[in-house]
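By written order: A, B, C and D. Residues from 1 in each chain.
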Amino acid sequence: MTTASLAGIIFLLLFGGLIIYFARFKPGSSHSSLRDIPAFSKIRRGIGLAVEAGQRLHLALGHGGIAGFKGGSGLIGLSLLERIARAASNSDRPPVATSGEASLTFLSQDTFKSVYRLMYAESQYDSEAGQLTGLTPFSYAAGAILVVNDPQVSTNVFAGHFGSEIGLIIDAAEQNDSLTSGGSDDLQAQAILYAAAQEPLVGEELYAAGAYLQVNPYHLASVRAQDIVRWALAGGILAGAILKAFGLI
Amino acid sequence: MSLFDLGAADLIGGLLGLTVTMAVFSHFIGDNTAFRLVLHIFIGVAAGYIVVVVAYNVLWPKLMRPVLEADGWELLWAGLPLFFSLLLFSRLFPRYSILGSPVLAFIVGVGAAAAIGGAVVGVIFPQARATINLFDLDTIRQNQGNVNMALVNGSIILVGTISSLAYFHFGVRKQAGAKTQRPDWMEWLAQVGQGFIVIAFGLIFAGIYAAALAALIERMSSITRFIYSLIAGF
Amino acid sequence: MEIVICPFCGKENQPESETCRYCQARLMPLKINPASQPDLIGRSPEEETPAKLKEDQVSESQDGLQAAGEMRRSGAPPASEASDWLSVFRNQINTQDLSPQPAALDDGPQPELREIHQDFEAGAMQDDSSLSLPFEDAGQKEEGPPENLVVGPQDVERTGDEAVDDLAWLRELQSQYQQVEGLSSAESKKGEDWSAANELSQDSQKRGDEQVPSWVEEIYAGPLHEEEAASDLGLSPAELPSWLDATRPSGTHQDIFGIPADYGGQVEIAGPLAGLPGILPAEPEIALGRKAAAYPAQLQVTETNRLQAEIFDQVLQSEGQNQPNPDRGLVTSQKVMRMAFAVIIIFAILVPVFSLQTLERYQPIAPVAVLSASQIISSIGNESPVLVAVEYEPGFSGELDAALAAVLDHLMIQGAFLVFVSSNPSGPLQAEHIVAVSNQVGSHQYVNTESQNEYINLGFIPGGPAGLRNFAENPRLSNPSDISGEPAWQNPVMMPIDDINDFSLVIVASENQDKSRAWIEQASPLLVNAPLIYVVSAQSEPLIRPFFDASPRQVQGIVSGVIGSVQYGATIGRQGIAELYWPSFNSGLLAAAILIVVGGGANALLVLSANKNGRKKGGN
Amino acid sequence: MKSNPFVYLLVAIAIASGATVLVGYFFPSLAGIKGEMLDWAVIFTAVLLLIGVISLVRTHWRKIMQDQKDRAYSLVLIISFTTTLLVAVLSGPTSKWSMWLYNNLIIPIESSLLGILAVFLIYACARLFNQRMNFYTLVFIGTVLLAMLGWLTIPGVELEGFKDFRDWLSSVWAVAGVRGIMLGVGLGTVAAGLRILIGADRPYGG
């Protein structure tokens, strides 16, 4: 086993252990122990609008699937979908989730179904709430534009892997006067979100969505574990650079 | 003489390209029927291509051919993916879709592991190692590089990497009555990090515009060339 | 066939049956003849013991009930007989002084006696209308009792002043005599009988009062005195609002509930509720089949009520309909700005095309990354296998076709054997497209002498980074056949290839930073001597740049976007597509920069002035 | 966790398969099993894509059958899908007719979509002060202008200095920001994956 593998195992054991420790033994208070990110209060308001004003909320899950590095943002999108579905599924116009990859589509349908089952309203479940709108990035964006153009959509949340085509969806949302917010793991999509979205999430902020919107205690525990591992990593890089500069490693 | 050789295919193809381009550019005025029609055509054609390519390159060589070519005990092992794939087809019928859930759970488990592996092996360790290696003076000297400039650049990258990493710190210690905020030193470091992030976004944004501009130029030039060839043809 | 419902258990019985088949209650009234009932008369209450007394009361009350029931069913005696005995009765009353002396009242030993007397006085003083039930309306008046039977207040006045007679036993004897008289009389009509039944109930009630507990009296006295109590408290009767009054049904009480108007005054003679007045009758009247009461069809609705009902109906109707969307004006300020920007940029692109302006004289100096790529390709020998990964989306054809065509054109001149592959599903088609575009760049005598094939398209590598790893380690296993399904590795050029390192050169063309990085992470560790060159879009150039700047270099050359293509063309002296795009690209960039400065500046000024006005307004 | 035993089965499958593949990343001896399971996942993802396309076409077909609004568009989508499928299957995905459809429909439409994106990006950039008026917006717009000047060639104007400054900005400052973002995104991805492997998140309907 190489040192890199050993380091990887220690890193994951430390990370996983911290998450379980914070979730089980120190659940911590509410999300108020986290810094303020305006985008999440806008998303919460968007969810409220969907419930009270009968407006529809559109969650774009991207086309990254759930495997590989870009799969992480897809998993976050599904957690966000569960939270949004729990809050807004009994409104006049339940939320809709669009995706450009088949496994994301079927997982979003399963998420909707388990939320409706939890609320003993399985009869209200509609499989078209989780839509596959296209199979290539740009055809996915074309299908999402058709969803965003619906006048009933008041809020668009982006949580998943996108490319530059995210700009087309934001443009359509702007012309429909609806709120645009969210983030992605892809740098091109983040740059466009930063310039064009009303409430962008930069980089890792998307991965804290579960903690800010209180999906379950493990999300808050993950964010606290990320904070600790972040400073361990920064310290490691700093120490490594100094030792490398002095030729010690 | 097939239609293709007569150039008619090019003529019709050019007209088709011109029409769909104009329909898409009509989006500047706002959402309209022509734009929606072209989007639906685009989704249908793209889906058709992807299905054929995936069937040729994945389903046939990795799923069907092993079963047809296997015999004896190999058939059992080669047939397992086919069996689970058939379970997935239950997703088309809401009442039996639960049969596909175990396979979805398998895909999610493997996908999550690939995400963790990709992040640790492909991003976190390589990026950390690359930042540390910026201070490898021996290598700098080997490449006859200006050592001082390299150290300055390396230091800027080191500070930028750590401060932009610090920008994402989420936890705050709640003081009674005081606004929940990070410690001052961390807040200052985060401000510096945000500067580095914004510079990166600016450069990427300009690159996206350049790519989009090139696409716009390609469309305009193909339209003008086609119209020019039509005029020249009559 | 007529049926009779038993009043006690509610079961049906044959009309002729005397007793109920189920609970043995009597259904037919007793046919009593005076001779057979001697023991009823002459018994005085004192001789009864308390327990026996209760039974008797119960049995009497049942008999009484039946008697009353009979009376009700059989109706009052014929008019002539009723008036003879009444006149006899009236004469007797006149001779006796029923009202006690005040002095007797004061030191009267039994306060109940005084109460009974007062009740008697109060009962006698009321006129008939007060006896009517509170929810009866005025309409009932015409059906009131005939005049001659009314005991007017003046009669009561005269008899009330004389002292109580001590021949109580004689009066008791008379009342029992009347009871017997009442029982033996013939059928009487219901309307005329109310007075006999009423007086009968008062006598039996007076007789019963002596044994009836005080709480029963309060129940009895309660309803009669209610209105008086209200008037005593100075409360005027409630004014019903018009809408409530309008909603009250117009039919009479009897029409609506089918209960006789005088039922309130009747005293229950049988059953556990014996002696209590105003009990809901379980009477045969309900059991008798009667035509259903005709309820009024129209509600009395005033004009305002109808309007209000219509408005309410409209509100309900409008709830279901979709609200017409606010028709968004075709032109809003956002749209105007967007169209203006579009016109300016497209105009800037088209000007160089029509002015045929070229920029050769301003050839950009090729950066190191482009020079390095050009030198590597120049060193590629004839028939050397070159792996080209086409990873960009069709939308980026404008930019990356120009860059990749310049590189492929150079490779075709060198006579290299191109092997196309992609981890993007639309990649194989894009590869065919780029080969066609590259052939148009310049004249090629590019034919692979041995296999007469210019290139081979291995198609799509599924599985993302993991798939790339498999391909890099074992391409033959990963992609055994080409895009059209033919075996790919029999070609002589492909025979010696076992892993990615056996290629002379690897070129990755991508617009996306993820795919670019995936090839570096999965493939470059295996590339020992095969160089890796990137043809990237301008948007991902900043992200690939560090791999070129790293030491040792993980990427040996970068050709980025339109500018990179022009620079590459300049290094090999061949004009590619980029040369056509470059003037428009240049003016498009300039137009964008001007729009950002002007538009951004204007917006900034607007925001600053708005903040200032806001502060000024806040400050006043 | 609900008491439904089927959910326990799903969670067990996800955790077992995930842990096996993850260990394969760090223990080369288990790389074989990891490769086989990744291959299976690739096959199932491809089958899901096929099922996804079938449900996409069925959804649009239902729109037509139920006479819903926009059913004409659904008809156009189904016709274009069927035509492309027949042409690509009968004559091969890279045949002459397939490439004709690809060159005259897919590339023009995607390029035009990217082209209208160019106008929207400049419009969004010019309007950014309206959205967020702060120092970082100024830095962002300044960097965009600098990057453009780095590519520009204006006859008679010396812009070489801009080019060098732009290259330095790109290879040092931008690289620092990108690394910070990638490390942060990496931490978030690891956390998301670990939540799946410890059964905290169950998107598969558990």
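Going forward, a contact is a pair of C-beta atoms (placed from the backbone, for glycine too) under 8 Å apart; a residue touches a chain by one contact, two chains touch by 3 or more.
Note that the structure is predicted; figures quoted are calculated from it, not measured.
Chains that touch both subunit A and subunit B are the following: C, D. Here the chain at the heart of the structure, going by C-alpha means, is A. Among the remaining chains, C is positioned farthest from subunit D, on the basis of C-alpha centroids. By number of C-beta pairs in contact, B-D leads when C-D and B-D are compared. Averaging Cα coordinates per chain places subunit C and subunit D 39 Å apart.
Subunit B and subunit D have Cα centroids separated by 4 Å. One simple way to say how far apart two chains are is to compare their mean CA positions; for subunit A and subunit D this gives 14 Å.
If each chain is reduced to the centroid of its CA atoms, subunit A and subunit C end up 31 Å from each other. Under the contact definition stated at the top, the residues of subunit B that touch 2 or more other chains are 25, 28, 30, 36, 40, 42-43, 46-47, 49-51, 53-54, 56, 58, 62, 91, 101, 104, 107-108, 110-112, 114-116, 118-124, 128, 130-131, 133, 136, 158, 161-162, 165, 167-168, 197-198, 200-213, 215-216, 218-219. Shown for subunit C are the residues that touch two or more other chains, namely 335, 338, 342, 345, 393-398, 425-426, 428-429, 462-466, 483-484, 511, 538-543, 546, 585, 588-589, 592. In subunit A, the residues that touch at least two other chains are 8, 12, 65-69, 71-72, 75, 103, 106-107, 110, 127, 133, 135-136, 138, 142, 164-165, 167, 175, 187-188, 190, 192, 194-195, 202-204, 208, 223, 226, 230, 233.
Because contacts link each chain to all the remaining chains, their graph is best described as complete. Residues 337-338, 341-342, 345, 359, 361-362, 364, 367, 393-398, 426, 428-429, 432-433, 436, 457, 462-463, 466-467, 470, 483-484, 538, 541-543, 545-546, 549, 563, 585-586, 588-590, 592-593, 595-600, 603-604, 606-608, 611 of subunit C are the ones touching subunit D in the complex. In the complex of the two chains, the subunit B residues touching subunit A come out as 30-31, 36, 39-40, 42-43, 46-47, 50-51, 91, 94, 100-101, 104, 107-108, 110-112, 114-116, 118-125, 128, 131-138, 151, 154, 158, 161-162, 165-174, 180-182, 197-198, 200-202, 204-205, 208, 211-212. On the side of subunit D, the complex with subunit B involves touching residues 6, 9-11, 13-22, 25, 37-51, 53-58, 70, 73-74, 76-85, 88-89, 93, 96, 98, 100-106, 108-119, 121-122, 125, 136, 139-144, 146-148, 151, 169-187, 189-190, 192-194, 196-197, 203-206. Taken in their complex, subunit A has these residues touching subunit D: 1, 5-6, 8-9, 12, 15-16, 19-20, 23, 65-67, 69, 71-73, 75-76, 78-79, 82, 101-103, 105-107, 110-111, 113-114, 127-128, 131-133, 135, 138, 141-142, 164-165, 167-168, 170-171, 185, 187, 190, 192, 194-196, 198, 202-204, 206-208, 210, 215-216, 218-219, 222-223, 225-226, 229-230, 233. Contact residues of subunit D toward subunit C in the complex are 35, 38-39, 41-42, 45-46, 92-94, 98-99, 102-103, 106-107, 110-111, 113-116, 118-120, 122-123, 125-130, 133, 141, 144-145, 148-149, 151-155, 167, 170-171, 174-175, 178.
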